[in-house]
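Would you mind keeping the following structure in view while I ask a few things?
Chains here go by letter, A, B and C, matching the order in which they are written, and residues are numbered from 1 within each.
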Amino acid sequence: MRRLARTYVTLLRVGFAAALAYRAEMVVWMLTTTMPLVSLALWSAVAAEAPVGRFGPSDFVAYFLAALVVRQLTSSWLVWQMNQDIKQGSLSQRLLRPVHPLIHYSAENLAALPLRAAIAVPVAIVALVTTGGGHFARDPTVVGVAVASLLGAWLINFLTMAILGSLAFFTESSTSAFEIWFATSMLLSGYLVPLEIFPAGVRAATDVLPFRYTLGFPVEAITGRTTAGHALAQLGVQWVWVVVLGGIAIAAWRAGVRRFAAFGG
Amino acid sequence: MAQPPAIEVRSLSKVFRVHERAPGLRAAVASLFRRTYKEVTAVDDLSLSIAPGERVGFLGPNGAGKTTTLKVLAGLIHPTSGHVRVAGHVPQRRETAFLESIALVMGQKQQLLWDLPPVETFALNRAIYDVPQDVFAQRLAELDDLLGLRAVSGKPTRQLSLGERMKCELAAALLHGPRVLFLDEPTIGLDVAMQLAVREFLRAYADRTGATLILTSHYMDDVVALCPRVVVIDKGRLRYDGDLRTLSRTVRPDKRIAMRLRADGPAPDRAAIERLGEVVELEATRAVIQVPQEGVRDAIAQLFASHDVADLTVEDPPLEEVMRELFASTGDARAASPGDGPRA
Amino acid sequence: MRYVRLFGTQLRRSLALALQYRLDFVTSGLVSIVWSVISIVPLYVAFHGRPAVGGWSYESALVVFGWFTLLKGVLEGAVNPSLVQVVDHIRMGTLDFVLLKPADAQFLVSTARFEPWKIVDLGVAIAIFGYAFARLGHPPSAAAVALAFAMLCAAVAVLYSVWILVVAAAFWVVRVDNLVYLFDSVFDFARWPSSVFKGAFSILFTFVIPLALMTTFPAQALLGTLAPGTAIAAVVASLLAAIGARRVWLRALAHYTSASS
């Protein structure tokens, strides 16, 4: 166990150095993260004519700034990496190491967090200043749920990526599966539109699906748009998804590696 | 009247600017803000001239500048200075007529379309090079003769073995009938039989078409089998240009005498043999000695006189050793190739 | 002439490849339809039964959305598949083979691959136009359709040029996955009429990343509300974009051949 912890720290450090290596990429990356700002501009303009549901312009500002931060702290890009590793056979090297590849991947993923936080923290400060803090959670239970939900959101993202990435073991066109997932999640997670203003039927569906728990739910908790009881119940649903997806991810990975071994990469 | 050369290189130099970064986290952060560069001279004042139909091997250790030179000749890299003409064109201008008259085969990279059978790549190249249908069919038949393509060219590329892929790769590169053919390690990774097949094909092709052939390879056998002339490049500079045999003779003016003794005869006399020359190998029924060229005659006579010889051959030292010696003599101890032959 | 034949060969090859994966036709068709229906939801929330936003009613916003679907089809069917291969070429070093061919490298890489199944998006777009104009109660005039087609050509030229720029970045930056991803995310906002955006974003989406030119102008043309001056400016802008992209591409190649090893 201690050895694993020590290895993990080293993996994190190497991953961090790798994340720093390309500065041009970092610029692109920062630009990508500004998407919620565009949504913000759009929906503020829409709300300026007349409020949308409970949302006035400043509610939209708080919501999308929180979305930007959550997105920063919880995203994963494992699918691309797995795809490349599987197609080019570099997975063999990972399989040879005495660390489970999924653990290794997770370290690489988390190692980029400090850089992402460097982007997220200023945004959070801007959000607090511009909206006067009135749009954010005060209830200690909700604040606690918000923190826990961030970890859950990252896990759901990471695990679904691992599942979709494992598809690359079986099919040539695994990235298109990811694109479908990505497109669906953009809409149903609350990234482009707060789920609250969706028609009731769509909203009921999103409560059950995993998408909302990767973004919409943490954002709602952070912006205090939920009650303590409801937040706790939702947190329960989120972690059920974490467990379910974790099980599927491990099974998919095992089946994939068996196939990888059989075909020799 | 003498034919104009197929390849003419005068004072070619190529300098790369590379980004340098020390290992470690601090250096990684530092390089975000300031990058340090250093200049690397890959090719340094290289001049040579190659006649049409010649087959030339480029030799040199890893990083000597062979591939860079090849890429400059193919017009893929612009030279920093110097003049280059290939088939009457300046390569870097990449004129259509120039591109139609050359081909580059890279053993480590492939142009075949991965998910489709090689025939699709052939058809695509036919369209790109604008080869008339009848010429195309005839060339394909010729290549099929030499390489035995028909059995494999209908299968998707990803299902082919490395050797089969290389055959198709060669065919794809030659369908437009290039007059100058550049080969960068064409036999890398292939098994011995397949190496032999590729070599034979290249020689037959060059004989049949009169194409000029420039080859780099780590396998000395490729060079020995294909190239009467070799160009040795080391650290970007031209070290030798000329006949392969002359090269061995200048670097290693010795000959090797390998002698096999009758199994029932007396054991070799070590002291007597050592007097004749340097002992490379000495066993119960076998001895290899190295002697200066002018001493070969005497040595053989004495060996016959003192031993019960069953068989005797005289040969040049292996090319790997020649190369090693050549590069070692400039203070560079790198071997001619990483996996080179038996050590003396 | 060589290029026409070459184009034919490339197209045939993509078709052959696409026919190997017939299942893709069904899935990509289904996905396209389902996805378009889901995507109307935010539009419905923002525009339906509410005051017009920035002068756009629900129906006219739908027309913009139709153009968005159509252009997304063009992007994913004709532009994107071949150009992402350039990135692989550069990474694997096989771009050398392309450069050695006696045909224009930009032409070769731009026509390397098509996704014929994306034609489904065209059908979906037409269905959306039909629905929007049925709600409006009058069909577009012939002149409007002609102008819209001209705007479509300008839009495709701009889209292609922006993509060439993205790909050209791969010559300097080793990984452009996230650049592609960035473009996709930005392009997604083309589903909204550009005049909904105010301030900095309005400038950004009109001049820097001309989303307005891609979907809003063709929609206005079809609705008959596009000012002639804007139409001419759009055509000129698309020509400039194409010329600019070509120059950047040539510079990128020059950089590649002088810096690669």
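Here, a residue touches a chain if its C-beta (ideal position, glycine included) is under 8 Å from a C-beta of that chain, and two chains touch if they have at least 3 such contacts.
Computed from a predicted model, the values in this text were never measured in an experiment.
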Taking each chain's centre as the mean of its CA atoms, which one is most distant from chain B?
A
If you average the C-alpha positions per chain, which one ends up nearest the average over all of them?
C
Distance-wise, how many Å sit between the C-alpha centres of chain B and chain C, to the nearest whole number?
47
Which whole number of Å gives the spacing of the CA centres of chain A and chain B?
52
Report the inter-centroid distance (CA atoms only) between chain A and chain C in whole Å.
28
Multi-chain contact residues (two or more partners), chain B
115
In their complex, what parts of chain C are in touch with chain B?
2, 5-6, 8-10, 13, 16-17, 20, 92-94, 96-97, 99-103, 108, 254, 257-261
Please name which positions on chain C make contact with chain A in the complex.
21, 24, 27-28, 31, 35, 38-39, 41-42, 44-46, 50-54, 172-175, 177-179, 181-182, 185-186, 188-189, 192, 196-201
Residue ranges of chain A in contact with chain C within the complex:
22, 24-25, 28-29, 31-32, 35, 38, 41-43, 45-46, 49-50, 52, 77, 80, 173, 176, 180, 183-184, 186-188, 192-193, 197-199, 202
Within the complex, chain C is touched by chain B residues 16-17, 42, 67-68, 71, 74-78, 92, 94, 96-100, 102-104, 106, 109-111, 113, 115-116, 120, 123-125, 127-130
